[in-house]
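In the two assemblies presented below, subunit A is common to both, partnered first by subunit B and then by subunit C.
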Partner chain A sequence: MASRAGVYRRLAMSRVRAHFEYRVSFALQFIGAFLLNFLEFIAVLVIFHHISFLAGWSLPEVAFLYGSSAFMFKFADMLMTNMDRLPTIIRMGTFDQVLTRPLGTLGQVMTGDVDLRQIGAMTQGCLVFLYALGHVHIEWTPERVAVLGSMLVSAAAIFCGIFVAMNSIAFWTTDAREVANSFTYGGQAFTEYPLHIFGVWMRRLMGYLIPLAFVNYLPSLYILGKGDPTHTPVILRFLSPVVAVAVLAVAGAIWRVSVRHYRSTGS
Partner chain B sequence: MNAPGGFGGAPRVVELRDIRKTFNVYRRRGRIRRERSQVDAVAGISFTIERGEMVGYVGPNGAGKSTTVKMLTGILVPSSGFVRVLDFEPTRQRVDLARRIGVVFGQRTQLWWDLPLRDSFELLRHIYRIPPDVYDRNLAEFGEVLDLEPFIDTPVRQLSLGQRMRGDLAAALLHAPEILFLDEPTIGLDVVAKARIREFLARINQERRTTILLTTHDMDDIERLCKRMLVIDHGRVIYDGDLATVKARYGADSVLVVDLEEPAPPIEVDGATVERVDGPRQWLRFRREQMSAAALIAAVAAKASVRDLAISDPDIEDVVRRIYGSA
Partner chain C sequence: MRLWWEVARRGFRRYATYRGATFAGVFTNTVFGFIRAYVLIALFAVAPHIAGFHVSEAVTYTFVSQGMLMPLYLWGWQEIADTVYSGQIATDLYRPFDYQSYWLAQDLGRATYHGIFRGVPPFIIGAIFFTLRVPHDPWTWLFFALSFYLAVAVSFAMRFMVNLSSFWLLDVRGVHGVAAAAWTLLSGFTIPLQFFPLLAKRALDVLPFRAMFELPLNIFLERVHGFGVVSTLALQLFWVVVLLGCGRVMLRAATRKLVLQGG
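Here is the complex of A and B:
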């Protein structure tokens, strides 16, 4: 298993080196990704310029959700750089190559490209999150630190799982990208705000069926000591790691079934 | 079938029994409604290949050649039927099988576009966990035979098609696979590059006893490389046998082209038929086993004065055309 991880690391490094071949382009796109994402946060600031609370949450508290969501989503997005390209990989028939090598298909697709420019986008989420940590009122206890750590790891894992599961649609239909994006990028936007501002059906679908509530909202209720206007059981605030493992397992299963459905192309 | 006593393993390395692959095809009907129909890309194919064989797999576009190769290499899941390659079920045991076979698709490279050939080989060494001695030996041998040295440090995207194909072949063989699947390996190459690749394949097949299945449009590939030919059309095998037999059975006709001193009506000779007349030139079709070329020429010369002549023997493309025609 160790040697297999070594192979994936080698494959990933070869992609990173390939991007560094074009240094100026790399630097410009790195800065571009940072600025583009920073503009997004400006939108949140504009909202708070007019109101000081959003459904009972202050600006630093919303920034806590926004920052953790953006930070971990961009991290997942970086790991899944090539997953975005899966519809093209399948349509062009280049997935054939993946299937002829003695390695797992998922690992190969993930290491097929690693775009470090996403670090620019990640930095923005990270800065907002650090700002929030500096401004929210948290009574720090070892438990809260542990929940914070597990929240971030689980958030990244849940996003990764959603990327894999949703992009698996590409094996079934050629028009997969829009559907996949509405749940991946759409899902991230959903976790930037407190869950209770959304309607009940939206909460059920995006919050629990696609368990985005576990990305940051539920553990944040505990960390920030907020009440839950939707009256969910308190235990849910601690279940993010369990949900994350479940999401990864389901995503892996969907992927495996979908790969068997691969049709390749003519010739 | 006479098994040639396998080298370290069952003599039968590929076995297909009644394999089918059906694709759903959607056709638009009106704005939203779509009509689903099913197309058999492969409609019940059976054959076996024994260790050390070099088999040519021939058929027109869309006949199901690539689909068959993809089912043998674990890329496509068959709709029904039985497949075993080296005793593995290709899609279920894909990773184990991948270690022991090599695959080359002429239309697209297996290499990394942005890496020099040498770096691609190095990555493959790790992916296939090739022992260092095997790797060094193979790289040295292929480097020499395929003359990779001049461009081994060039990024793959800058290679010519012929160079890239040589690189692809070496890449597919570095891990010393027992079977090599080639899909159109000479497509788009010039005569010199084709000859070099054929020479290399013949050598690998003879010296290493690597079993080779080769799909191609190029009948020269088959004629120069393969003793056995499988012809497929509309998803079915319509001929499976050796090359000499197929020629004798389907197309032993030779053609004598004569240029006469002046235009004449078709020359009547027993055992030959005039196929075409164009001014003073006539084409006479005959079978060598019924009549020698010398006898025919003498007979023609007795009836008209001949200025020039040429004989063309049947090539494999004629033969295949006839097989399609009779199927």
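Here is the complex of A and C:
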């Protein structure tokens, strides 16, 4: 097991080094990733230029959601960099090589590329989150600290699960993969705002069927001591870790079934 | 003229082959449209009048701009840069027609396809679930179509320059990333520019980015009338000419560099 982890680490590091080959471009892309996320946050600031509360949430409270979402999503995005290339890998027949190697298919695809530029975007999300922590009113208790910690870990896990599950579409049809973006990048946008601003069907589909409500909204209700206009059971605010484990299990199963469905393009 | 028409048609047809991708793209554009619409609805529930917008106009803004996203192609177009890296560009430049016009024609054809098949469906789906404002004056559709193509040309002119930066940089993705980040915010895509604080709005008014989203949307939402429409289109045309001109200057500099390397 240890040696396998070592192999994955070496594979990932070789990709990381490859990115450093083009230094100027890397620096620009790093800044670009930071800027892109920062500019997105300007939209939030522009909204709060006109109002003090968005659906009952203050700027620091929305920043709490925005920051935790951006921070953890970009972390997941970095781990899943190569998922974007999965359709190409399948179309070119390169996935055959993946199948012949004595390593897990998912691990190989994931370590095929690691995009460190995302650290730029992660930094931005982290800064927004730190700003939020400094400005929201939280009565800190050991329980709240524990929920906060489990929220961040669960968020990263849920996002990773969504990346794997949704990108498995590529094994069934290679040109409809953009649907995955609705739930990965769309999932980030969705979790940047309080869930109750969305319509009931959107909440059901994106919030619970794809369990994005557990990424940050539900635990944040507890941490920030906010009321829930959608009247969900209080217990849900503590279930993010359970949901995260379930998402990873389902995502793993979907990946395995999809790989079994894979038919080589031949030649 | 006939040549450019054929090139544009090929640009259209080239993208028409990917049906699955079109469906998937419409789905994604619509989901993002819904997310942005709900955010603006929550905003307008607290502040019902921002910059003279009614909530239905703000939601309309969202779905029209979401539909224009693919036609304007702000993300990830580096076809010219790829020909620079492969060396193909050397032969392309020697072809007996104007290089920039060729790509512009190709891009207008592509944008026509994306406008019809990626632009219209999100708007229709949005209209089913939300109250959207459709232009009252039938002429507005024609003016909007003109404004749409001018917006595409502005976007093309900027992407053309980003691509040409590949003559000086080994990897164009960095420049493109920074540029795309700026384009989406400064053009009024992420949020209408009218919502910005006054000072920021004044600054954005003198930049070309608003020609991509803010100005066409002003026409679609009939925020400008009569002479206002003409001056809006004229301003867009002004930016098209200026930016295409900058692109030509850059192309000339790039070509000289190419000769130096090739010699």
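The definition used in the following text is that the second predicted complex is superposed on the first by the 267 of 267 C-alpha atoms of A that agree within 3 Å, B and C clash if a C-alpha of one lies under 4 Å from a C-alpha of the other, contacts with A are read in each partner's own complex, and residues count from 1 in each chain.
One rule holds in what follows: a contact is a pair of C-beta atoms (placed from the backbone, for glycine too) under 8 Å apart; a residue touches a chain by one contact, two chains touch by 3 or more.
If you're wondering where the values come from, they're calculated on a predicted model, not measured in any experiment.
When the two complexes are overlaid on their common chain A, residue A:Pro102 makes contact with subunit B while staying clear of subunit C. In the superposed model, A:Gly227 lies in contact with neither subunit B nor subunit C. Legend: residue contacts after superposition of the two complexes on their common chain; A:Leu35 is shown touching subunit C, with no touch to subunit B. For subunit A, the partner that touches more of its residues is C, with subunit B and subunit C as the two candidates.
Within the superposed three-chain model, A:Leu54 lies in touch with subunit C and out of touch with subunit B [touch as defined at top].
Of the two partner chains placed around the shared chain by superposition, subunit B is the only one that A:Ser14 touches, whereas subunit C remains out of contact. In the superposition on chain A, A:Gly134 contacts neither subunit B nor subunit C. By the touch criterion defined above, A:Pro142 lies against neither subunit B nor subunit C after alignment on the C-alpha atoms of chain A. Judged by the document's definition of touching, no subunit A residue lies at the interface with subunit B and also at the interface with subunit C. Taken together, the subunit A residues at the contact with subunit C in this complex read 22, 24-29, 31-33, 35-36, 39-40, 42-43, 46-47, 49-51, 53-55, 117, 173, 175-179, 181-182, 186, 189-190, 193, 197-199, 202. Within the complex formed with subunit B, the residues of subunit A that make contact are 3, 6-7, 10-11, 14, 18, 21, 93-94, 96-97, 99-104, 260-264, 266-267.
Every residue of subunit C that touches subunit A in the complex is listed here, in rising order: 18-21, 23-25, 27-28, 31-32, 34-36, 38-39, 41-43, 45-47, 50, 129, 169-178, 180-182, 184-185, 190-191, 195-197. Contact residues on subunit B toward subunit A in their complex (touch as defined above): 23, 61-62, 66-67, 70, 73-77, 91, 94-96, 98-99, 103, 105, 107-108, 110, 112, 114-115, 119, 123, 126-129, 183-184.
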